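Please find the structures below.
Each of the next two complexes has chain A plus one other chain: chain B in the first, chain C in the second.
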Partner chain A sequence: MRRVLAIAALTVRGAVRSRVLLILGLMLAVAVVGLPLTVRGDGTIGGLVQIMLRYALGVAFVLLAVAMVWSGCAGIATEVRDRQIQMVTTKPVRALEVWLGKWIGLLALLAVLLGGAGFAVFGLLHWTTRPGAIEEADRARLRDEVLVARAEIPAIAPEVDAPARAEFERRRSAGELPADRPPEEVFRMLRRTMLAQAFSVPAGGRNAWLFRVPRRPAPGRPFLLQFRFEKSVLDLEPVRLRWTFEAADGTQRRETVGEYRPRAVYTIAVPPEALGPDGRLRIGCEHIDPVPASLLFEPGDGLVLLQYRGAFAGNYARAIGVLFARLAFLTALGLAAGTLFSLPVAGFASVSGALLILLGDYIERLARAGVFFGAGPDAGWSAAVVNRFLSAVFRALSFAIQPLRGPDPLDLLATGRWIAWGLVGREMLIQVVVYGGLLALCSAAVLRRRELGLPA
Partner chain B sequence: MADEQEHEAASRADGPPLVEAWELTKVFRDFWRRPQVRAVNGLTFTVSRGEIFGLLGPNGSGKSTTLKMVLGLLHPTRGRLRVLGASPREVRTKARIGYLPEESYLYPYLTPVETLDFFGRLFDLTARERRRRIEELLEMIGLAHARRRPVGEFSKGMARRVGLAQALLNDPDLVILDEPTSGLDPIGCRQMKDLILTLARRGKTVLLSSHLLADVEDICDRVAILYNGRLRASGAIETLLEERDRCSLTLPAVEEARLRPVIEAARAAAGAEPEITRPRMGLERFFLRVVEEARRVEEPAAGAEAGRAVADYLASPAEAQREDGTTPEGVADRAEVDRRLERLVGGGRPEDRDGS
Partner chain C sequence: MKARWSTPLLLGVAVAAFAVAGRMHRPLRSQRREAQLDPVDPVESMPPLVAFTTVAFGGFRGIAADLLWLRATTLQDEGRYFELVQLADWITKLQPHFASVWAYHAWNMAYNISVLLDDHGDRWRWVRHGISLLRDEGLRYNPGSAQLHRELAWLFIHKVGGDMDEAHWRYKREWAAEMGALFEGPAPDFEALAAAPRTRTELLEEAAVAELVRRLREAGVDPFGARIADPAARPAAAAPILAGAPEAAAALLDFVRARRLREEYRMTPEAMAEVDERYGPLDWRLPQAHAIFWAYQGLRYARPGHERLSLDRMIFQSMVDAFLRGRLTADAERDVFLLRPNPDLLHRVRAAYEDALAEHPGDESIRTAHHNFLVDAVMVAFSYNRRREAQALYADLVARYPTERTLGGLDRFVARTYAEFMERFAPREAMVVVESAFYQSFFWEALGEPDQAAGYAQLGRLMWERFMAEREDPEARERLGLPPIAEIRARARERALETVRELRGAADAPTPAPR
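Moving on to the complex of A and B:
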């Protein structure tokens, strides 16, 4: 461990003495302080705070991501180029110790820079929203909506797999499946349609959803229903709705009536007394507007309960923790590329890797689609072979990338959503321990076998 | 004399060789794995414990490539290589090796103290031991006054001294020096050569490469001469250089008239005309004498100072003797050490060989 720490300390010292740390610190300071001053929000204090959280920290993340990938690439590649690695590897040091030392050193720098940026944004936030700087009503709204950590409780998803499978089998036996689509895609479309129906409210009709609330709402803390819907008629005219809140057995019923526009996000207070003793809550929506238009709530986040879980400061720290884990992985990616390639090539390779992760959703869709060049009986055997090969490639890529993808902590933070310790732990485990560890082992194996004394 | 040298080398070479190379071959390939250069071709040699072994050859002859294979920085294409009884890529083997590369690949932003401390940590030395050795090494290389300056500001010679210090930090059994006198001024060269001799006397094995023939001749017990990657000649220096059909007789300066009977006798004995010359001291010795005299009357120069002969932890017991003539506890007195050394090397000590 002494050797690992020696190399880590050397890495930090190198960054400090070569003024990399200073330059990065200045760039971050400009980004986190200057950006909120130059970007105009929606004119509200809430909008400004969201810009601070989402954009200032977002820019800091991007800057640090670029800096860490590049520093990672340079960490070993420049030492190989300048031959200093020869002085190190001729000492009793394992390749893994060299790699880990570099990584830990860069992570120490990252911790300082990200921590500094985090403190700067947090301080700026407090200064901007200090008493006297904004109206008390705005401060209260900020505390309730943005500067808070609220858990998001989605509706219990209705069972749609079995009915979708039954409908699919019925259509197949009736010969009603489209010929130009793979059967699995048809099944997925059926399932999606049924799920959408489960979250729709027909004109003049009613629908209800069950929620399981893991803990009772704290007294004096807001307990909210947040919703957003689309209308089957393409206009933005408000719709009159009656919301009902009751226990799962239909008791303790409360209701409220209001007019709501499509595509806008609304939060309405949920009476805590409507929650049943078993922690279940049924929320109904009745379409009482004469307009003949169905309403569609997006399954997942179109209809959620928001429950107070903790203070903003803790949530903020957890968001920084998630960012740190992701940046730690990017640093490892850069270091691994720098172990394999010379500096410019390593830079391109690691940026390509990072882009693949960003395109994770698209890659997953490609992997699921499985069809790239024609389909059906008319497609030739060559198209089938290419499709099968590409499908395997995209499935493998998707399998490797998906664990690295997760919710955007800045989005959660800016919307006052609870960032669970579980998410921080998961990110640390996946990004740092599993993927960072895998990169460390692979890089060490390469470094051990690589001829570091080759002539220039 | 040649026999004595062979005997000296042989007597030091107790135990198994520290470096054994059989049919060592290195072919450099391009990106597509096509062979480009055969840098070393079927090289076989051994380096015995306690000897100073020199790899000699012109630029591009394969000296540095061979050293890098011994260090595990390059992998042989063919052949076998054992260093300290193990693979050169074995981590624990490296704890017993000190390496000075041809260029001092140091971190320019570190001071000499930080550089040595960093490498000391890699050798897993304790903080106390690191401090002690760093102080002694800085004294030895004459850079104690520049301890707080970044190495990047140093001249090549000063950086090379720091490189040398890091090579000796772990008190290595095998010291590998690639062009050790490269970039050093004549005083530094002399100190380097003295140091190498001292290390050998201390029981260290030194493997060095050089294209400076005088350096190798001054200090090496045995050499291997490479050309184009192949071994062209090898053996003990004295054996290789001895002119067996000639001999010389050195006398104190006397008038030529008084020499006449000796010349006549020599002519009769050899059956040929003897050659009478005055011995020359050599430019290096002359230069050192001039600088030494200048130092007595002037301030030292801004660069490296004349360092101490060797760090205490590297010095033999004889060199660890205190200046007042007493010796540290457990260390024999100088005369006794000299006697032991005489017995050990079977006659002339290494420093006697440079003719000074």
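Moving on to the complex of A and C:
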């Protein structure tokens, strides 16, 4: 460990001496302080704070990501190019220790820079929203809507797999499946339709959803129901709805009636006393508008319960923790690429890797679709082979990338959503320990075998 | 030898080519303008940051714009609007000369996003964002775009001036309040504002003004801030200082107002005066005046055909609107905000239509609009006891658009039209008819014709009740209803009295009691 720390110290010293730290610090300061002055919000103080959080930290993340990937690439590649690496490798240190030392040194720099940027944004936020700078009503609204950490509790998903499978089998035996679509796609469509039905409210009808609340509400902090729906009639006229809140056993019923516009996002307070002793809450929606239009709540995020979980400062610190984990991985990626290739090639390779992670959603969709060229009986065997091959490639890519993807902590922070310790732990485990560790092992293996003393 | 001469020679050729290119720049630009490819040179209007961005991104500009556009769409779908102003700003700056992009984002903010919000103040903010994007940014980078002028005029006449949005009264009030902070009364003093100095240095050359500015500063008042020109928000410490030097105060206020008009509202007093002279007198607190202003500004860049027609149409539609409800009675303390007809604009609207008909002789939509206007105009003139004008308009209507309804003379035509109108009134038309019925009532009563007066009063009340009976729902009343009947009667009485005084002389005019 002492050898690792010594190399880490050398890395930090080299960065300080080369003024990388100073330049990066200056760039971060300009971005963090200057950006909120130039970015335009929606004219509300809430919008301004959200913009400040999203953009100031976002820019800090991008700057640090570029800097860390580049420093990682340069960390080993330039030492190999300049024949400096021999000074270390000829000493009794293992390749893994060299690599880890470099990584830890860069992570120490990252911690200082990210921590500094985090403190600066937090200070700026406090300065902007200090008493006297904005009205007390705005401050209260800000504390309640943005500078808060609320957990999202989705409705318990209804069981649709079995009914969808049954319907699929019935259609297959009746010969009703479309010939030009793969059977699995038909099943997915059936499943999706049933799920949509479970989250819709017909004209004049009602529907209800069950929520499992993990903990009792904090005093003075009611649950909020956040919802948004689409209307089958394409206008934006409001719809009159009656919302009912009751324990799962039908007791403690409360209700509220209001008019709500399609596509707009609403939050309404849920009486905490409606929560049953078993921690379950049934929320019903009754369509009492004379307009004959069905309503559809997007399954997933169209109807969520928000529960207060903590103050903003803790959430902010956890967001910084998640950012740190992701930047640590990018640093490892750069360092690994620098171990394998020369500096320019390593730069391109690591940027390509980062782009692949950014395109994770798209890759996952391609892997799920499984059809790239033609479909059905007329497509021919060649299309089937290509489809199988590409499908396998994208599935493998998706398998490798998906663990690295997760919710955007800055979006969560800017919208007052709770960033769980679990998320921070998961990110640290996956990005730093697992993927960082894998890259370290692979890089060490390469570094050990690589001929470093080749003539120019 | 060759190497020694070739470098200076090539350098000389380069310099010569550079000079020739520089000399050719101006004529080429003129030719582009003549061909109406680019009425105003775009580079002249671009600030360095945007000029740099558009060049530095190179081919990646489109990709960056696409990514921003995708993010904007996703955020809007998710109901998260806080970033959208900034994203719209960036997207438009990446394609600053693509007028449709500006038009789309302004329209998206003013129409799509605003209506998703329940609070009328929030809605107005988004409508205002749309107006600002077009006026302050879009037209800055595309000063020669007739399309953007039309879109801006449309936002004023339709979104702010129309009544499709349930928050339209809020929009009108907010706009009137903004204009009220710029000038007192229905219009600024164009001449004084045009004559105001352009720079502070020029202003402060006047010793009295410099002294006034010094005293205001000593009192802790910003002499060049927006609040000094706003009678409703003027700091208390400023009032006695301004009153102490009335001439210098007038010069200072004119300077501040003219500067705000130019810099914040992108309107010059000279251009406003020209529009007012041609189409007015307009009430500049109302959106119609601004719609006419921006459409008129766009005319000089419009290509013949669709562009020209759409701007002409915008002008005469706004003129009709100003004629039907282009006079504002506002009293913030009593919460009165009344829009009334402006019959003085009648000959201007007629002239605007005549111009448009002459410009687009074969266009059926203009003829239809003109026909509808003549019907409205006959009714308004008749109701306002401008019988001679009503007769002239009726004669024009019969000559140009004879139908069965126009047979039988002016009185029969008016009686038939009143009955038909009630079935399809919009609030602005209903307001005209109801108020003018009461006007007639007070007018004839003052002239000693009680029967006629009672008949008109009865007609006015009946029409108000019938119109409001169709709008029992409180929200519909708020959005599409008429002001309280007592309010309308009081206004009509004031106007009738004015007319009678003019007719008889102020001294002996009888004063009818309010009904």
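Just a few scattered comments:
In this section, the second predicted complex is superposed on the first by the 455 of 456 C-alpha atoms of A that agree within 3 Å, B and C clash if a C-alpha of one lies under 4 Å from a C-alpha of the other, contacts with A are read in each partner's own complex, and residues count from 1 in each chain.
By definition in this document, contacts are C-beta pairs under 8 Å (C-beta built on N, C-alpha and C of every residue); 3 or more make two chains touch, one makes a residue touch a chain.
Keep in mind that what you see is a predicted model, and the values were worked out from it rather than measured.
The superposition on chain A brings chain B alongside chain C with room for both. Contact with neither chain B nor chain C is seen for A:Ala111 once the two complexes are overlaid on the shared chain. Looking at the superposition, the partner that touches the larger set of chain A residues, chain B or chain C, turns out to be B. Once chain A of one complex is fitted onto chain A of the other, the partner contacts of A:Leu343 are absent, as it touches neither chain B nor chain C.
Touch criterion met: A:Arg2 reaches chain B, while chain C stays clear of it. After overlaying the two complexes on the shared chain, residue contacts for A:Val39 are found with chain C alone; chain B is out of touch. Our angle of interest has its tip at the CA centre of chain A and reaches the CA centres of chain B and chain C; in the overlay it is 120°, to the nearest 10. Contact with neither chain B nor chain C is seen for A:Met189 once the two complexes are overlaid on the shared chain.
Looking at the shared chain after the overlay, A:Arg261 reaches chain C, while chain B stays out of its contact range. For the pair chain B and chain C, the minimum alpha-carbon spacing after aligning on chain A is 33 Å. By the touch rule above, chain A contacts chain B in their complex via residues 2-3, 5-7, 9-10, 13-14, 17-18, 82-84, 86-94, 448, 451-455. Residues 39-44, 46-47, 50-51, 54-55, 228, 236, 261, 263-265, 301, 414-415 of chain A touch chain C in their complex. Those residues of chain B whose C-beta lies close enough to touch chain A in the complex are 28, 68, 71-75, 89, 91-92, 94-95, 97, 99, 101, 103, 105-107, 109-110, 114, 118-119, 121-124, 150, 166, 170.
Across the complex, chain C meets chain A through its residues 78-86, 89, 115-118, 122, 125-126, 128-129.
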